[in-house]
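Structure provided below as C-alpha coordinates; questions to follow.
Each chain carries a letter (A, B, C and D) given by its place in the written order, and its residues are counted from 1.
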Amino acid sequence: MVVIIVRDVLVIRNPDYEAVVRASFARQRFMATLGARLTHVAPGEVHIALERREDLTQQHGFVHAGVLGAILGSACGYAALSLMPPGADVLSIEYKLNLLAPARGEHFVARGRVVRAGRTVTACRAEAFTGEGTTPIATLLASMMTL
Amino acid sequence: MVVIIVRDVLVIRNPDYEAVVRASFARQRFMATLGARLTHVAPGEVHIALERREDLTQQHGFVHAGVLGAILGSACGYAALSLMPPGADVLSIEYKLNLLAPARGEHFVARGRVVRAGRTVTACRAEAFTGEGTTPIATLLASMMTL
Amino acid sequence: MVVIIVRDVLVIRNPDYEAVVRASFARQRFMATLGARLTHVAPGEVHIALERREDLTQQHGFVHAGVLGAILGSACGYAALSLMPPGADVLSIEYKLNLLAPARGEHFVARGRVVRAGRTVTACRAEAFTGEGTTPIATLLASMMTL
Amino acid sequence: MVVIIVRDVLVIRNPDYEAVVRASFARQRFMATLGARLTHVAPGEVHIALERREDLTQQHGFVHAGVLGAILGSACGYAALSLMPPGADVLSIEYKLNLLAPARGEHFVARGRVVRAGRTVTACRAEAFTGEGTTPIATLLASMMTL
(Lines give C-alpha, C1' and ligand atoms only; values in the text may rest on other atoms or scores of the structure.)
Protein backbone atom coordinates (compact mmCIF):
# COMPACT_ATOMS: atom_id res chain seq x y z
CA MET A 1 0.00 0.00 0.00
CA VAL A 2 1.33 3.40 -0.96
CA VAL A 3 -0.06 6.48 0.74
CA ILE A 4 0.56 9.78 -0.96
CA ILE A 5 -0.34 12.87 1.02
CA VAL A 6 -0.49 16.10 -0.90
CA ARG A 7 -1.18 18.99 1.43
CA ASP A 8 -2.37 22.10 -0.29
CA VAL A 9 -4.81 24.86 0.37
CA LEU A 10 -7.79 24.51 -1.94
CA VAL A 11 -9.32 27.90 -2.57
CA ILE A 12 -12.93 27.82 -3.71
CA ARG A 13 -13.42 30.87 -5.92
CA ASN A 14 -16.95 30.05 -7.03
CA PRO A 15 -19.51 28.86 -4.46
CA ASP A 16 -21.65 27.56 -7.34
CA TYR A 17 -18.83 25.33 -8.61
CA GLU A 18 -20.95 22.19 -8.59
CA ALA A 19 -23.72 23.69 -10.74
CA VAL A 20 -21.11 25.07 -13.16
CA VAL A 21 -19.41 21.70 -13.49
CA ARG A 22 -22.67 19.80 -13.91
CA ALA A 23 -23.97 22.23 -16.53
CA SER A 24 -20.79 22.03 -18.58
CA PHE A 25 -20.66 18.25 -18.35
CA ALA A 26 -24.27 18.07 -19.52
CA ARG A 27 -23.30 20.04 -22.63
CA GLN A 28 -20.50 17.58 -23.49
CA ARG A 29 -22.48 15.51 -25.94
CA PHE A 30 -19.61 13.05 -26.26
CA MET A 31 -19.92 12.10 -22.57
CA ALA A 32 -23.55 11.06 -23.20
CA THR A 33 -22.42 9.11 -26.27
CA LEU A 34 -20.05 7.15 -24.04
CA GLY A 35 -22.70 6.71 -21.34
CA ALA A 36 -20.37 8.50 -18.91
CA ARG A 37 -21.95 9.87 -15.72
CA LEU A 38 -20.76 12.51 -13.29
CA THR A 39 -20.84 10.76 -9.91
CA HIS A 40 -18.90 13.08 -7.59
CA VAL A 41 -18.18 16.81 -7.68
CA ALA A 42 -16.10 18.29 -4.88
CA PRO A 43 -13.68 21.23 -4.81
CA GLY A 44 -10.71 20.08 -6.86
CA GLU A 45 -12.01 16.55 -7.34
CA VAL A 46 -14.44 15.05 -9.87
CA HIS A 47 -15.39 11.43 -10.55
CA ILE A 48 -16.88 10.05 -13.77
CA ALA A 49 -18.35 6.54 -14.03
CA LEU A 50 -18.68 4.42 -17.15
CA GLU A 51 -20.12 0.98 -17.97
CA ARG A 52 -18.49 -1.33 -20.47
CA ARG A 53 -20.40 -1.57 -23.77
CA GLU A 54 -19.49 -3.57 -26.84
CA ASP A 55 -19.41 -0.40 -28.94
CA LEU A 56 -16.66 1.09 -26.74
CA THR A 57 -14.14 -1.73 -27.17
CA GLN A 58 -10.81 -2.19 -28.91
CA GLN A 59 -9.68 -5.27 -30.83
CA HIS A 60 -9.51 -7.56 -27.77
CA GLY A 61 -12.89 -6.64 -26.34
CA PHE A 62 -11.54 -4.35 -23.59
CA VAL A 63 -12.65 -0.75 -23.28
CA HIS A 64 -10.65 1.34 -25.76
CA ALA A 65 -7.78 3.44 -24.38
CA GLY A 66 -9.35 6.43 -26.12
CA VAL A 67 -12.49 6.02 -24.00
CA LEU A 68 -10.41 5.97 -20.83
CA GLY A 69 -8.49 9.02 -22.03
CA ALA A 70 -11.75 10.84 -22.70
CA ILE A 71 -13.27 10.29 -19.25
CA LEU A 72 -9.95 10.83 -17.46
CA GLY A 73 -9.41 14.06 -19.37
CA SER A 74 -12.92 15.25 -18.59
CA ALA A 75 -12.54 14.31 -14.91
CA CYS A 76 -9.35 16.40 -14.81
CA GLY A 77 -10.88 19.31 -16.69
CA TYR A 78 -13.86 19.47 -14.36
CA ALA A 79 -11.70 19.08 -11.25
CA ALA A 80 -9.83 22.15 -12.52
CA LEU A 81 -13.03 24.04 -13.37
CA SER A 82 -14.39 23.44 -9.85
CA LEU A 83 -11.66 25.74 -8.47
CA MET A 84 -11.92 28.48 -11.09
CA PRO A 85 -13.59 31.86 -10.50
CA PRO A 86 -17.18 32.59 -11.61
CA GLY A 87 -17.48 33.05 -15.36
CA ALA A 88 -14.33 31.10 -16.14
CA ASP A 89 -14.17 28.25 -18.60
CA VAL A 90 -11.63 25.45 -18.83
CA LEU A 91 -9.51 24.50 -21.84
CA SER A 92 -7.30 21.42 -22.13
CA ILE A 93 -3.71 22.33 -22.97
CA GLU A 94 -2.45 18.76 -22.95
CA TYR A 95 -2.65 15.44 -21.18
CA LYS A 96 -0.55 12.33 -20.87
CA LEU A 97 -2.09 8.93 -20.40
CA ASN A 98 -0.33 5.81 -19.12
CA LEU A 99 -2.16 2.53 -19.64
CA LEU A 100 -1.38 0.30 -16.66
CA ALA A 101 -3.49 -2.81 -17.23
CA PRO A 102 -6.18 -4.00 -19.67
CA ALA A 103 -9.56 -2.41 -18.93
CA ARG A 104 -11.18 -5.65 -17.78
CA GLY A 105 -14.54 -5.57 -16.00
CA GLU A 106 -17.94 -3.97 -16.44
CA HIS A 107 -17.76 -0.79 -14.36
CA PHE A 108 -15.11 1.90 -14.42
CA VAL A 109 -14.52 5.11 -12.55
CA ALA A 110 -12.18 7.98 -13.44
CA ARG A 111 -11.14 10.16 -10.49
CA GLY A 112 -9.64 13.53 -11.37
CA ARG A 113 -7.89 15.76 -8.81
CA VAL A 114 -6.18 19.11 -8.94
CA VAL A 115 -2.47 18.87 -8.16
CA ARG A 116 -1.88 22.60 -8.30
CA ALA A 117 -4.24 25.39 -9.27
CA GLY A 118 -2.38 28.31 -10.81
CA ARG A 119 -3.88 31.54 -12.02
CA THR A 120 -3.59 30.54 -15.68
CA VAL A 121 -2.60 26.88 -15.65
CA THR A 122 -3.91 24.11 -13.41
CA ALA A 123 -2.10 20.78 -13.17
CA CYS A 124 -4.35 17.76 -12.57
CA ARG A 125 -4.02 14.05 -12.20
CA ALA A 126 -6.59 11.32 -12.75
CA GLU A 127 -6.75 7.58 -12.20
CA ALA A 128 -9.11 5.07 -13.76
CA PHE A 129 -10.12 2.02 -11.74
CA THR A 130 -12.33 -0.93 -12.39
CA GLY A 131 -15.51 -0.81 -10.33
CA GLU A 132 -13.86 -2.64 -7.47
CA GLY A 133 -11.44 0.26 -7.19
CA THR A 134 -8.42 -1.71 -6.12
CA THR A 135 -6.00 -1.58 -9.03
CA PRO A 136 -5.62 1.47 -11.25
CA ILE A 137 -5.85 0.63 -14.96
CA ALA A 138 -4.79 4.02 -16.28
CA THR A 139 -3.37 7.28 -15.00
CA LEU A 140 -3.35 10.71 -16.59
CA LEU A 141 -1.38 13.89 -15.92
CA ALA A 142 -2.81 17.05 -17.49
CA SER A 143 -2.47 20.81 -17.85
CA MET A 144 -5.68 22.83 -17.98
CA MET A 145 -6.04 26.53 -18.77
CA THR A 146 -8.40 29.06 -17.22
CA LEU A 147 -10.24 31.04 -19.90
CA MET B 1 7.00 26.62 -43.41
CA VAL B 2 8.94 24.12 -41.36
CA VAL B 3 10.30 21.02 -43.01
CA ILE B 4 11.36 18.20 -40.73
CA ILE B 5 13.25 15.37 -42.38
CA VAL B 6 13.62 12.22 -40.35
CA ARG B 7 15.82 9.76 -42.18
CA ASP B 8 15.48 6.24 -40.93
CA VAL B 9 15.45 2.78 -42.40
CA LEU B 10 11.97 1.34 -42.23
CA VAL B 11 12.17 -2.44 -42.09
CA ILE B 12 9.01 -4.23 -43.19
CA ARG B 13 8.87 -7.45 -41.20
CA ASN B 14 5.44 -8.56 -42.37
CA PRO B 15 4.57 -8.32 -46.08
CA ASP B 16 0.89 -8.64 -45.11
CA TYR B 17 1.08 -5.59 -42.88
CA GLU B 18 -1.84 -3.84 -44.55
CA ALA B 19 -4.23 -6.76 -44.09
CA VAL B 20 -3.14 -7.12 -40.45
CA VAL B 21 -3.75 -3.43 -39.76
CA ARG B 22 -7.10 -3.35 -41.53
CA ALA B 23 -8.33 -6.50 -39.75
CA SER B 24 -7.38 -5.15 -36.33
CA PHE B 25 -8.93 -1.76 -37.03
CA ALA B 26 -12.15 -3.49 -38.12
CA ARG B 27 -12.28 -5.21 -34.72
CA GLN B 28 -12.00 -1.91 -32.84
CA ARG B 29 -15.69 -1.40 -32.25
CA PHE B 30 -15.05 2.02 -30.80
CA MET B 31 -13.65 3.28 -34.12
CA ALA B 32 -16.98 2.38 -35.78
CA THR B 33 -18.83 4.13 -32.95
CA LEU B 34 -16.87 7.30 -33.76
CA GLY B 35 -17.40 6.86 -37.51
CA ALA B 36 -13.61 6.77 -37.92
CA ARG B 37 -12.28 5.35 -41.20
CA LEU B 38 -8.86 3.98 -42.12
CA THR B 39 -7.86 5.98 -45.19
CA HIS B 40 -4.14 5.23 -45.63
CA VAL B 41 -1.96 2.30 -44.59
CA ALA B 42 1.72 2.41 -45.50
CA PRO B 43 4.79 1.00 -43.74
CA GLY B 44 5.14 3.07 -40.59
CA GLU B 45 2.34 5.46 -41.48
CA VAL B 46 -1.43 5.25 -41.00
CA HIS B 47 -4.17 7.86 -41.54
CA ILE B 48 -7.62 7.85 -39.94
CA ALA B 49 -10.43 10.18 -41.07
CA LEU B 50 -13.38 11.39 -39.04
CA GLU B 51 -16.44 13.57 -39.68
CA ARG B 52 -17.82 15.96 -37.11
CA ARG B 53 -21.05 14.77 -35.52
CA GLU B 54 -23.08 16.46 -32.79
CA ASP B 55 -22.70 13.41 -30.55
CA LEU B 56 -18.89 13.75 -30.60
CA THR B 57 -18.73 17.29 -29.28
CA GLN B 58 -17.63 18.99 -26.08
CA GLN B 59 -19.36 21.90 -24.35
CA HIS B 60 -18.61 24.45 -27.10
CA GLY B 61 -19.71 22.30 -30.01
CA PHE B 62 -16.18 21.36 -31.16
CA VAL B 63 -15.08 17.75 -31.50
CA HIS B 64 -14.11 16.48 -28.01
CA ALA B 65 -10.39 16.20 -27.22
CA GLY B 66 -11.04 12.61 -26.23
CA VAL B 67 -12.20 11.83 -29.76
CA LEU B 68 -9.03 13.34 -31.20
CA GLY B 69 -6.95 11.40 -28.68
CA ALA B 70 -8.70 8.18 -29.68
CA ILE B 71 -8.09 8.49 -33.42
CA LEU B 72 -4.56 9.85 -32.96
CA GLY B 73 -3.73 6.99 -30.59
CA SER B 74 -5.15 4.43 -33.00
CA ALA B 75 -3.29 5.99 -35.93
CA CYS B 76 -0.06 5.67 -33.92
CA GLY B 77 -0.78 2.14 -32.79
CA TYR B 78 -1.47 0.97 -36.33
CA ALA B 79 1.57 2.79 -37.71
CA ALA B 80 3.58 0.80 -35.16
CA LEU B 81 1.79 -2.47 -35.96
CA SER B 82 2.54 -2.05 -39.68
CA LEU B 83 6.25 -2.55 -38.94
CA MET B 84 5.90 -5.46 -36.51
CA PRO B 85 6.66 -9.11 -37.38
CA PRO B 86 3.91 -11.59 -38.36
CA GLY B 87 1.84 -12.71 -35.39
CA ALA B 88 2.67 -9.66 -33.30
CA ASP B 89 0.07 -7.47 -31.66
CA VAL B 90 0.36 -3.87 -30.51
CA LEU B 91 -0.30 -2.52 -27.02
CA SER B 92 -0.38 1.16 -26.03
CA ILE B 93 2.05 1.92 -23.22
CA GLU B 94 1.26 5.62 -23.08
CA TYR B 95 0.54 8.68 -25.15
CA LYS B 96 0.70 12.42 -24.71
CA LEU B 97 -1.70 14.72 -26.48
CA ASN B 98 -1.24 18.46 -27.03
CA LEU B 99 -4.31 20.37 -28.12
CA LEU B 100 -3.18 23.13 -30.47
CA ALA B 101 -6.39 24.76 -31.66
CA PRO B 102 -10.14 24.18 -31.33
CA ALA B 103 -11.32 21.32 -33.56
CA ARG B 104 -13.32 23.54 -35.89
CA GLY B 105 -14.59 22.18 -39.20
CA GLU B 106 -16.42 19.14 -40.49
CA HIS B 107 -13.65 16.78 -41.60
CA PHE B 108 -10.60 15.67 -39.67
CA VAL B 109 -7.65 13.45 -40.38
CA ALA B 110 -5.19 11.90 -37.91
CA ARG B 111 -1.82 10.96 -39.41
CA GLY B 112 0.31 8.59 -37.34
CA ARG B 113 3.96 7.85 -38.10
CA VAL B 114 6.65 5.71 -36.53
CA VAL B 115 9.52 7.79 -35.16
CA ARG B 116 11.60 4.80 -34.14
CA ALA B 117 10.75 1.11 -34.22
CA GLY B 118 12.55 -0.81 -31.48
CA ARG B 119 12.33 -4.52 -30.82
CA THR B 120 10.03 -4.07 -27.83
CA VAL B 121 9.01 -0.39 -27.86
CA THR B 122 8.07 1.74 -30.86
CA ALA B 123 7.89 5.52 -30.56
CA CYS B 124 5.26 7.19 -32.76
CA ARG B 125 3.95 10.63 -33.44
CA ALA B 126 0.60 11.72 -34.86
CA GLU B 127 -0.96 14.98 -35.96
CA ALA B 128 -4.62 15.82 -36.39
CA PHE B 129 -5.61 18.31 -39.07
CA THR B 130 -8.88 19.76 -40.22
CA GLY B 131 -9.87 18.49 -43.65
CA GLU B 132 -7.98 21.29 -45.33
CA GLY B 133 -4.80 19.92 -43.78
CA THR B 134 -3.04 23.22 -43.30
CA THR B 135 -2.93 23.78 -39.56
CA PRO B 136 -2.51 20.98 -37.05
CA ILE B 137 -5.13 21.04 -34.29
CA ALA B 138 -3.55 18.37 -32.10
CA THR B 139 -0.34 16.40 -31.86
CA LEU B 140 0.40 13.18 -30.00
CA LEU B 141 3.61 11.43 -28.97
CA ALA B 142 3.24 7.77 -28.01
CA SER B 143 5.04 4.59 -26.94
CA MET B 144 3.69 1.32 -28.31
CA MET B 145 4.75 -2.18 -27.28
CA THR B 146 5.18 -5.26 -29.46
CA LEU B 147 3.35 -8.27 -27.98
CA MET C 1 -5.39 17.88 2.15
CA VAL C 2 -5.81 15.18 -0.46
CA VAL C 3 -5.03 11.59 0.46
CA ILE C 4 -4.51 9.17 -2.40
CA ILE C 5 -4.33 5.51 -1.44
CA VAL C 6 -3.03 3.17 -4.09
CA ARG C 7 -3.28 -0.38 -2.86
CA ASP C 8 -1.08 -2.77 -4.74
CA VAL C 9 0.96 -5.80 -3.96
CA LEU C 10 4.64 -4.97 -4.19
CA VAL C 11 6.61 -8.06 -5.07
CA ILE C 12 10.28 -7.93 -4.15
CA ARG C 13 12.10 -10.07 -6.69
CA ASN C 14 15.62 -9.24 -5.57
CA PRO C 15 16.42 -9.26 -1.83
CA ASP C 16 19.57 -7.25 -2.63
CA TYR C 17 17.55 -4.47 -4.24
CA GLU C 18 19.07 -1.74 -2.10
CA ALA C 19 22.66 -2.67 -2.95
CA VAL C 20 21.75 -2.87 -6.65
CA VAL C 21 20.11 0.56 -6.60
CA ARG C 22 22.95 2.17 -4.65
CA ALA C 23 25.62 0.67 -6.91
CA SER C 24 23.87 1.87 -10.08
CA PHE C 25 23.27 5.34 -8.66
CA ALA C 26 26.96 5.56 -7.72
CA ARG C 27 27.85 4.89 -11.37
CA GLN C 28 25.63 7.74 -12.62
CA ARG C 29 28.36 10.34 -12.88
CA PHE C 30 25.80 13.01 -13.70
CA MET C 31 24.15 12.61 -10.28
CA ALA C 32 27.50 13.43 -8.64
CA THR C 33 27.87 16.42 -10.98
CA LEU C 34 24.52 17.72 -9.71
CA GLY C 35 25.42 16.95 -6.09
CA ALA C 36 22.38 14.66 -5.91
CA ARG C 37 22.28 12.15 -3.05
CA LEU C 38 20.29 8.96 -2.60
CA THR C 39 18.51 9.43 0.73
CA HIS C 40 15.92 6.64 0.81
CA VAL C 41 15.70 3.26 -0.91
CA ALA C 42 12.66 1.09 -0.20
CA PRO C 43 10.82 -1.44 -2.37
CA GLY C 44 9.19 0.61 -5.10
CA GLU C 45 10.19 3.96 -3.61
CA VAL C 46 13.40 5.99 -3.90
CA HIS C 47 14.20 9.54 -2.73
CA ILE C 48 16.96 11.78 -4.09
CA ALA C 49 18.02 15.01 -2.36
CA LEU C 50 19.65 18.04 -3.96
CA GLU C 51 20.97 21.38 -2.73
CA ARG C 52 20.61 24.58 -4.74
CA ARG C 53 23.86 25.75 -6.32
CA GLU C 54 24.43 28.75 -8.56
CA ASP C 55 25.69 26.51 -11.35
CA LEU C 56 22.37 24.63 -11.47
CA THR C 57 20.15 27.65 -12.09
CA GLN C 58 18.10 28.99 -14.97
CA GLN C 59 17.77 32.64 -16.02
CA HIS C 60 15.89 33.74 -12.88
CA GLY C 61 18.18 32.07 -10.37
CA PHE C 62 15.87 29.12 -9.64
CA VAL C 63 17.02 25.54 -10.07
CA HIS C 64 16.72 24.62 -13.76
CA ALA C 65 13.76 22.45 -14.81
CA GLY C 66 16.27 20.11 -16.43
CA VAL C 67 17.88 19.47 -13.05
CA LEU C 68 14.50 18.62 -11.54
CA GLY C 69 13.72 16.37 -14.50
CA ALA C 70 17.06 14.59 -14.03
CA ILE C 71 16.60 13.78 -10.34
CA LEU C 72 12.89 12.97 -10.73
CA GLY C 73 13.67 10.65 -13.65
CA SER C 74 16.45 8.94 -11.67
CA ALA C 75 14.20 8.58 -8.61
CA CYS C 76 11.59 6.90 -10.84
CA GLY C 77 14.12 4.68 -12.57
CA TYR C 78 15.55 3.46 -9.28
CA ALA C 79 12.11 2.95 -7.76
CA ALA C 80 11.42 0.68 -10.75
CA LEU C 81 14.80 -1.08 -10.48
CA SER C 82 14.16 -1.87 -6.79
CA LEU C 83 11.34 -4.23 -7.85
CA MET C 84 13.13 -5.91 -10.74
CA PRO C 85 14.62 -9.43 -10.62
CA PRO C 86 18.32 -10.05 -9.98
CA GLY C 87 20.50 -9.24 -12.98
CA ALA C 88 17.97 -6.85 -14.49
CA ASP C 89 18.76 -3.31 -15.53
CA VAL C 90 16.42 -0.38 -16.01
CA LEU C 91 16.01 1.74 -19.14
CA SER C 92 13.93 4.92 -19.42
CA ILE C 93 11.34 4.71 -22.17
CA GLU C 94 9.89 8.16 -21.56
CA TYR C 95 8.88 10.64 -18.90
CA LYS C 96 6.62 13.63 -18.64
CA LEU C 97 7.40 16.50 -16.33
CA ASN C 98 4.94 19.14 -15.12
CA LEU C 99 6.47 22.22 -13.51
CA LEU C 100 4.11 23.35 -10.76
CA ALA C 101 5.91 26.25 -9.09
CA PRO C 102 9.31 27.97 -9.30
CA ALA C 103 12.02 25.89 -7.58
CA ARG C 104 12.55 28.36 -4.76
CA GLY C 105 14.57 27.36 -1.70
CA GLU C 106 17.87 25.72 -0.89
CA HIS C 107 16.98 22.05 -0.41
CA PHE C 108 14.98 19.80 -2.69
CA VAL C 109 13.85 16.22 -2.60
CA ALA C 110 12.55 14.05 -5.45
CA ARG C 111 10.38 11.11 -4.37
CA GLY C 112 9.86 8.38 -6.97
CA ARG C 113 7.30 5.59 -6.56
CA VAL C 114 6.20 2.65 -8.67
CA VAL C 115 2.59 2.97 -9.80
CA ARG C 116 2.49 -0.42 -11.47
CA ALA C 117 5.28 -2.92 -12.05
CA GLY C 118 4.71 -4.96 -15.20
CA ARG C 119 6.93 -7.69 -16.52
CA THR C 120 8.40 -5.46 -19.23
CA VAL C 121 7.18 -1.95 -18.45
CA THR C 122 6.94 -0.27 -15.06
CA ALA C 123 4.93 2.94 -14.63
CA CYS C 124 6.29 5.33 -12.01
CA ARG C 125 5.49 8.73 -10.60
CA ALA C 126 7.70 11.22 -8.82
CA GLU C 127 7.21 14.51 -7.03
CA ALA C 128 9.78 17.17 -6.23
CA PHE C 129 9.35 19.23 -3.08
CA THR C 130 11.29 22.02 -1.50
CA GLY C 131 13.03 20.91 1.70
CA GLU C 132 10.01 21.84 3.77
CA GLY C 133 8.06 19.23 1.79
CA THR C 134 4.76 21.04 1.83
CA THR C 135 4.11 22.08 -1.75
CA PRO C 136 5.17 20.02 -4.74
CA ILE C 137 7.15 22.04 -7.28
CA ALA C 138 7.21 19.43 -10.04
CA THR C 139 5.66 16.07 -10.83
CA LEU C 140 6.76 13.42 -13.29
CA LEU C 141 5.03 10.39 -14.82
CA ALA C 142 7.34 7.83 -16.43
CA SER C 143 7.58 4.47 -18.18
CA MET C 144 10.62 2.34 -17.39
CA MET C 145 11.67 -0.88 -19.11
CA THR C 146 13.19 -4.02 -17.57
CA LEU C 147 16.28 -5.11 -19.49
CA MET D 1 12.80 8.80 -45.23
CA VAL D 2 9.81 10.54 -43.75
CA VAL D 3 9.12 14.13 -44.70
CA ILE D 4 6.82 16.08 -42.45
CA ILE D 5 5.73 19.46 -43.74
CA VAL D 6 4.11 21.74 -41.23
CA ARG D 7 2.93 24.90 -42.93
CA ASP D 8 2.22 27.72 -40.57
CA VAL D 9 2.62 31.44 -40.53
CA LEU D 10 5.41 32.41 -38.16
CA VAL D 11 4.83 35.89 -36.83
CA ILE D 12 7.93 37.65 -35.52
CA ARG D 13 6.74 39.97 -32.75
CA ASN D 14 10.18 41.08 -31.61
CA PRO D 15 12.81 42.06 -34.20
CA ASP D 16 15.46 41.67 -31.48
CA TYR D 17 14.47 38.07 -30.85
CA GLU D 18 18.00 36.74 -31.33
CA ALA D 19 19.55 39.08 -28.78
CA VAL D 20 16.76 38.27 -26.31
CA VAL D 21 17.28 34.53 -26.71
CA ARG D 22 21.08 34.76 -26.48
CA ALA D 23 20.94 36.97 -23.38
CA SER D 24 18.55 34.63 -21.58
CA PHE D 25 20.56 31.54 -22.53
CA ALA D 26 23.71 33.22 -21.21
CA ARG D 27 21.96 33.67 -17.84
CA GLN D 28 21.09 29.95 -17.61
CA ARG D 29 24.04 28.95 -15.47
CA PHE D 30 23.09 25.29 -15.81
CA MET D 31 23.66 25.40 -19.59
CA ALA D 32 27.26 26.49 -18.95
CA THR D 33 27.62 23.71 -16.37
CA LEU D 34 26.63 21.22 -19.08
CA GLY D 35 28.89 22.87 -21.65
CA ALA D 36 25.84 23.45 -23.83
CA ARG D 37 26.18 26.03 -26.61
CA LEU D 38 23.56 27.94 -28.57
CA THR D 39 24.42 27.22 -32.22
CA HIS D 40 21.38 28.43 -34.15
CA VAL D 41 18.69 31.01 -33.40
CA ALA D 42 15.98 31.56 -36.00
CA PRO D 43 12.33 32.57 -35.65
CA GLY D 44 10.65 29.59 -34.01
CA GLU D 45 13.74 27.39 -34.15
CA VAL D 46 16.73 27.07 -31.82
CA HIS D 47 19.60 24.56 -31.77
CA ILE D 48 21.79 23.69 -28.78
CA ALA D 49 25.00 21.64 -29.09
CA LEU D 50 26.65 19.54 -26.42
CA GLU D 51 29.81 17.44 -26.17
CA ARG D 52 29.94 14.19 -24.25
CA ARG D 53 31.82 14.45 -20.97
CA GLU D 54 32.38 11.76 -18.36
CA ASP D 55 30.65 13.85 -15.72
CA LEU D 56 27.42 13.92 -17.77
CA THR D 57 26.96 10.16 -18.02
CA GLN D 58 24.58 7.58 -16.58
CA GLN D 59 25.51 4.10 -15.34
CA HIS D 60 26.47 2.75 -18.79
CA GLY D 61 28.64 5.65 -19.83
CA PHE D 62 26.08 7.25 -22.17
CA VAL D 63 24.96 10.84 -21.74
CA HIS D 64 22.26 10.92 -19.03
CA ALA D 65 18.65 11.25 -20.15
CA GLY D 66 18.36 14.21 -17.80
CA VAL D 67 21.05 16.05 -19.77
CA LEU D 68 19.17 15.43 -23.00
CA GLY D 69 15.93 16.57 -21.37
CA ALA D 70 17.64 19.75 -20.17
CA ILE D 71 19.01 20.80 -23.58
CA LEU D 72 15.86 19.72 -25.42
CA GLY D 73 13.70 21.65 -22.98
CA SER D 74 15.88 24.74 -23.31
CA ALA D 75 15.87 24.46 -27.11
CA CYS D 76 12.06 24.37 -27.01
CA GLY D 77 11.79 27.21 -24.53
CA TYR D 78 14.02 29.45 -26.61
CA ALA D 79 12.27 28.51 -29.84
CA ALA D 80 9.08 29.70 -28.14
CA LEU D 81 10.71 32.85 -26.76
CA SER D 82 11.96 33.79 -30.25
CA LEU D 83 8.34 34.37 -31.33
CA MET D 84 7.16 36.23 -28.23
CA PRO D 85 6.60 39.99 -28.05
CA PRO D 86 9.20 42.38 -26.61
CA GLY D 87 9.42 42.23 -22.83
CA ALA D 88 7.96 38.74 -22.62
CA ASP D 89 9.57 35.90 -20.77
CA VAL D 90 9.07 32.17 -21.23
CA LEU D 91 8.05 29.64 -18.58
CA SER D 92 7.97 25.85 -19.01
CA ILE D 93 4.56 24.41 -18.24
CA GLU D 94 5.53 20.83 -19.00
CA TYR D 95 7.46 18.60 -21.34
CA LYS D 96 7.46 14.99 -22.35
CA LEU D 97 10.63 13.21 -23.36
CA ASN D 98 10.86 9.95 -25.31
CA LEU D 99 14.25 8.25 -25.31
CA LEU D 100 14.69 6.59 -28.69
CA ALA D 101 18.21 5.16 -28.60
CA PRO D 102 21.24 5.24 -26.27
CA ALA D 103 23.07 8.57 -26.49
CA ARG D 104 26.18 7.10 -28.13
CA GLY D 105 28.78 9.40 -29.66
CA GLU D 106 30.72 12.50 -28.73
CA HIS D 107 28.66 15.36 -30.20
CA PHE D 108 24.97 16.02 -29.77
CA VAL D 109 22.55 18.61 -31.02
CA ALA D 110 19.07 19.44 -29.76
CA ARG D 111 16.81 21.16 -32.31
CA GLY D 112 13.72 22.87 -30.92
CA ARG D 113 10.87 24.16 -33.08
CA VAL D 114 7.58 25.87 -32.44
CA VAL D 115 4.61 23.73 -33.48
CA ARG D 116 2.03 26.38 -32.68
CA ALA D 117 2.45 29.76 -31.05
CA GLY D 118 -0.64 30.78 -29.11
CA ARG D 119 -1.13 33.99 -27.21
CA THR D 120 -0.59 32.33 -23.83
CA VAL D 121 0.65 28.82 -24.62
CA THR D 122 3.15 27.77 -27.27
CA ALA D 123 3.52 24.11 -28.23
CA CYS D 124 7.04 23.06 -29.24
CA ARG D 125 8.85 19.96 -30.32
CA ALA D 126 12.54 19.11 -30.15
CA GLU D 127 14.74 16.29 -31.37
CA ALA D 128 18.19 15.30 -30.18
CA PHE D 129 20.63 13.82 -32.68
CA THR D 130 24.16 12.55 -32.48
CA GLY D 131 26.60 14.82 -34.29
CA GLU D 132 26.07 12.96 -37.53
CA GLY D 133 22.43 14.00 -37.40
CA THR D 134 20.98 10.93 -39.01
CA THR D 135 19.09 9.11 -36.26
CA PRO D 136 17.20 10.93 -33.53
CA ILE D 137 18.10 9.67 -30.05
CA ALA D 138 15.38 11.55 -28.16
CA THR D 139 12.30 13.62 -28.89
CA LEU D 140 10.44 16.06 -26.69
CA LEU D 141 6.98 17.64 -26.85
CA ALA D 142 6.48 20.70 -24.65
CA SER D 143 4.09 23.47 -23.61
CA MET D 144 5.62 26.87 -22.91
CA MET D 145 3.86 29.90 -21.41
CA THR D 146 4.28 33.56 -22.31
CA LEU D 147 4.83 35.67 -19.19
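Criterion: contacts are C-beta pairs under 8 Å (C-beta built on N, C-alpha and C of every residue); 3 or more make two chains touch, one makes a residue touch a chain.
Keep in mind that what you see is a predicted model, and the values were worked out from it rather than measured.
Q: Moving only to chains each one touches, count the minimum steps from chain B until you reach chain C.
A: So the least number of steps between the two chains is 1.
Q: Just going by residue numbers, which of A-C, A-D or A-B has an interface where over half the contact pairs are the same as at B-C?
A: Going through A-C, A-D or A-B one by one, only A-D repeats the B-C interface.
Q: Taking each chain's centre as the mean of its C-alpha atoms, which one ends up farthest from the centre of chain C?
A: Farthest chain from chain C, going by C-alpha centroids: B.
Q: Indicate the whole-number Å distance between the mean C-alpha point of chain A and the mean C-alpha point of chain D.
A: Here chain A and chain D have centroids separated by 31 Å.
Q: Express in whole angstrom the distance between the two chain centres, defined as the mean CA positions of chain C and chain D.
A: 23
Q: Residues touching two or more other chains, restricted to chain A: which are they?
A: If we look for residues of chain A contacting two or more partner chains, we find 93-94, 96, 98, 123, 143.
Q: Could you pull out which chain C residues touch chain A in their complex?
A: Those in contact with chain A are residues 1-8, 44-45, 96, 98, 100-101, 113, 115-116, 118, 123, 125, 127, 134-136, 139, 141, 143.
Q: Could you list, by residue number, the parts of chain C that touch chain B in their complex?
A: 93-94, 96, 120-121, 123, 143, 145
Q: If we count contacts the way the header does, which residues on chain C are in touch with chain D in the complex?
A: Checking each residue of chain C against chain D gives 24-25, 27-30, 32-33, 54-59, 64-67, 69-71, 73-74, 89, 91-99.
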